[in-house]
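Take a look at the structures listed below.
Each of the next two complexes has chain A plus one other chain: chain B in the first, chain C in the second.
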Partner chain A sequence: MNSPSAPLWQKNPALAWREIDGETVIISPGDSVMHELNDTGSFIWKHVDGQRTAAEIAALLRSEYIVTSEIALADTEALLEELAGQRLVVLAANGSAGDSSR
Partner chain B sequence: MSTAAAPTPVMDRLIARTVRRHRPLSVHFDLTYRCNERCVHCYLDHEDHGELSTAEVLHVLEELAGAGTLFLTFSGGEIFLRPDLFEILDAARRLHFDVSLKTNALLITAERAAHLHELGVRRVQISVYSDKPAVHDAVTKIPGSLGRTLAAVPLLLRTGILVKFACPLMTQNLGDYRGVLALAERLGVGYVFDLTITPMMDGNEGPLALRATTGQLMTILQDPVLNPCRAPAAAAQASPAADAPVSALGSAVSSGIESSAYEDIPCSAGHNSCYVSPYGDLYPCVQLPMAAGNLRRDRFRDIWEGSPALKRVRAVRESQMPVCSTCTIRAYCERCPGLALMEGGDLLGAYERACELAEQKARLAGVSDPVSALHLQQNGRSLSETEPPCGKLRTLEPSLV
Partner chain C sequence: MLDDHAGRAVPRPLDLAIGCVPMRLHFPGEDLRSQSLERYEGFCATVEPAYPIRFESPAPVLPHSADFSYQFEGASLRCDKVGAFFSGVRHAYALDTLLRILLSWVLLPRTGFLLHAATVVRQGRAYVFAGRSGAGKSTVASLAPAGSVLTDEISLLRYEEGQWRAHGTPFWGEFRAAGSNTSAPVAGFFRLIQSPRNSVRAMRPAEALRALLPNVLFFSTDTSANRRLLDILTQAVEQVPSYHLDFQRTQNFWEVLPA
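Now for the complex of A and B:
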C-alpha cells in the first residue's frame, strides 16, 4: 500500500497545542500564530506520530468516519501538505516509510 | 470534507467555546512566593509555607493538560528561585503547553535564556517600574536591580523569545511611564501599564497607600499613546485582528487574553481560567481570593467541576449586578470581581476605585457630569430621578397642570 518513499511526518516539537472538546488549537512559537483544526483535522493530527504514513492515517480516518478511501487519503495528504507548509509538521528522523532504518 | 479552519478569529472562537463549556484554557501558576526583590507594592509575603514539590507540580501539570489547559503562565514570587524551574518547564513543554513566564529577570543569564528558548518558552514578562535606576531600585529595594533586569532583555530577544515589560503604576513611578514606554520601544519589547495596586493576600491594606489618586492618573488616562481607543463601543467590539487598536493599560497579573466573547460575564476567572498557588490552592484568579480547593488533596477536575466557589463565580452576570447593571457609565468601567470582593466586600458589588476611574474615563470621552450608580446611591439619588440619556426632561415632582 505504501509508496517506497512515503514520507513520515511528526508534529513539530516546538509547537504548543491542545485538543479541546475534539478540536485542536496549535500555536507556532516563531510567529505566535494560532491554527485550528476541526474534528477530522484533529483526528489526523492525533495520529501524526512519525510512524504512520498518510495512507495509514487515512485508513484510520476511514474506520472512524463515513468517507471513501479516496477522499480520506486525499484529505489526509492535503492537510499534511498544508501543515508541512507551515512547519507544523516536520519530517520524522527516520524520514520515510521506505527508509532502511525503519 | 474540510479539515483546516480559517486561522484569523481562532482566539475568539476558542474563548467562546471554552467559556461556554468551562474548560480551563488559561492557568496562572505561581511556583513560589519567595522573591529576591522586596517591591513596595507587592501583595505577597515572600515566605515558603510549604511549596508544592517538583513531583507535585508535575502531577498538577498532567492534570491541567488533561483538562484542556493550553496557556500556562508561571509566576511568583521570583520563579528562578526554584531550583527545579527548568525541570518544570521541560515537563510543561513535553505536555505541549504554551508557556509564558513572569519574572524580574535578575537571575536570567545567557545560558538560561538559551535554555528557555530551547525548551520552547514563548514569552517572558519582566517587571520594570521606571527607566530611572533610582526610581526602579527604590520600588524593588534592591540597588542595581534595574541594570541587572535590563541586561537580561537582549539575552532573551536574541533567542527569539518575546519580551514584554509589565509596569504597575503607583505614586513612586507615575511620572516615569513615558520613560518606560520609550525604553521598551528602544529595546523592541512590548509593554503593559497596570493601574491596579491591590491589598496583600492576607488582607493587609498597606500597599493601597501607594495608589495614585484618580486625579493623578488623568495624564495617563488621556495619553493617546496608551489609550488609542477610548470610545466604549469600539472597546466592546475589540477584535483580535493585528491592526486593532489595543490599550497599553491592562493587568500585569492576568493572562492578558481579552475577548468580546466574554459577553455578560465579568471576566475569564473561573470560566476558562484559574490560578494555582505555590501550595496547590486553586482560585478563580490570583486577584479573586475565593479558595476552590487544594490540588494536594483533590483532583483538579473534581475541584474545577464541583467547587461551590467556582460555581458561585460562574453564576455572576453583569446584567444582574444590583448596582453596576444600572450604571449609565458602565461602558467606561473596568470593574474587577476580585477587587470588588477585596475592597467592597461583595463579589457582585460596586467599589469606589472602579467607579472613580470610570467617571474619569467617561469625562475624558466627553460625557457630561458622569456619575456612577454607586455614587448616585451614595448621594441619595436614584437612577429614576436623573436626567435620561436622551436629554428629555423628566418630571420629578407631580406636576400641576
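Now for the complex of A and C:
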C-alpha cells in the first residue's frame, strides 16, 4: 500500500530525451549535460508520469524483470532520488498520492 | 560600394554558402569585409534566397523577439527564421565564432549539425573523425593525401536526399588551411583515440550518440531546439555506422578502417 504522502514525480518538462537502442539519453538544455539510463532505468523513466508512485512503478518493474519486490522498490526509489537530485524529475503538480486532489 | 538609407557608403554584401546554407553578410565597413573575403574565399557563392546577416553596434531591438540569441566575449547574435543581427564584431575571429554559432541553429530545420571532427574523403566517401582538441583531428588531416581533407576541425553533417553527407567548412584548426567547399556521403563516424596500435571497433547507436554528443557544437538552451537536435543525432547514429578508432600517428590506420 502506498504511503499517504508518497511523492508523485514527473519528467522535467524542460528536458530533451530519447530512447535509443534500449537506453535512454537525456539532455538538460540549461547546461547541455547528457545523462544516460540503462534498460531498467529506462523502464522506470518511461513510467514516471506524474501519476504513479514509486511503489506502483516498482510493481511494474517486478512484472517485467525477475526481481524481488523489495529490490524493485529500493532500486526505483534510489533512481527517482538520483533523478530528482539532478532535476531530471520534478514533483508533479498534484504533489503526492495522499493529496485530496487525486 | 553602395549607399545605405542615410547616404553613407557601405560595402557590397558578401554571399557565402557553407554546407549549402546560403548567407548574405551586410558588412558595415570594408575592413571586415575584405578580411572575410580572404578567409572564406572558397565558400563565396550566391544562392537565392540567402539568409541575411546584418551588423549593428549596439545591438538593435528586433521588431519581434528573437528565436535564438547568444553572447560570446562581447560579440552577440540574435536571429530568427528571417535573418540575423550580429553586434560587437570587431575582428574576423569574432565573426568566425558567431558564424559557427549561427550555423548550429540554422541547421536544425535542415536536419544538420556541426561536429568537432576532421573529415577526409577516400574513394568518394567521407570518413568523419570526431574528437575535441588534442584528440588527433589535425593529425589525421595531415596524414591524408592532398586535396582529400574537407576540414580538420569542424565538419558539417546534413541529411540530404536520403543520405547523410559531410560538408567541408571554412572553420579550420591546427591544420591551418580552410576546408574544402565540397561534400561526400558519409562512410562512418570514428571516435579518435590515439594509441600505440591501430584497431577499430563498431559502436552501437547509443554508444555512438554518447561519443558524438560532447563533440557537437550547440549553443541553444531552448527545450524544443534541444529536442530537435537530439532527434537529428539519433537519426544520424542509427543510419551511419560508428566506430571507436585507436590509431597511431601514421597513415597505417587506414588499413583497419572498414571499406
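Note that in this section the second predicted complex is superposed on the first by the 102 of 102 C-alpha atoms of A that agree within 3 Å, B and C clash if a C-alpha of one lies under 4 Å from a C-alpha of the other, contacts with A are read in each partner's own complex, and residues count from 1 in each chain.
In the analysis below, a residue touches a chain if its C-beta (ideal position, glycine included) is under 8 Å from a C-beta of that chain, and two chains touch if they have at least 3 such contacts.
Because the structure is predicted, anything quoted here is derived from the model rather than measured.
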Clash or fit, chain B versus chain C on superposed chain A: clash
Per the contact definition in the header, classify A:I71: touching chain B only (first), chain C only (second), both, or neither. first
Which chain makes contact with more of the residues of chain A, chain B or else chain C? B
Is A:G22 touching the first partner chain B, the second partner chain C, both, or neither of them? second
After lining up the shared chain so the two structures overlap, which partner does A:E36 touch, if you call chain B first and chain C second: first, second, both or neither? both
So, does A:L79 touch the first partner chain B, the second partner chain C, both, or neither? first
According to the stated criteria, A:I44 is in contact with first (chain B), second (chain C), both, or neither; which is it? first
Taking the superposition on A as described, I'd like to know which of chain B and chain C A:A14 touches: first, second, both or neither. both
Touching chain B and also chain C: which chain A residues? 13-18, 20-21, 23, 25, 27, 29-30, 32, 34, 36
Which chain A residues qualify as touching chain C in the complex? 13-18, 20-23, 25, 27, 29-30, 32, 34, 36
Where on chain B is chain A touching in the complex? 1-7, 10-11, 13-14, 17-18, 21, 23, 25, 65, 68-70, 93, 96-99, 120, 122, 160, 162
Chain B-touching residues of chain A, taken from the complex the two chains share: 13-21, 23, 25, 27, 29-30, 32-38, 40-41, 44, 65, 67, 71, 75, 78-79, 82
Chain C residues touching chain A in their complex are 204-206, 209-210, 213-214, 218, 220-223, 225-227, 229-231, 234, 237-238
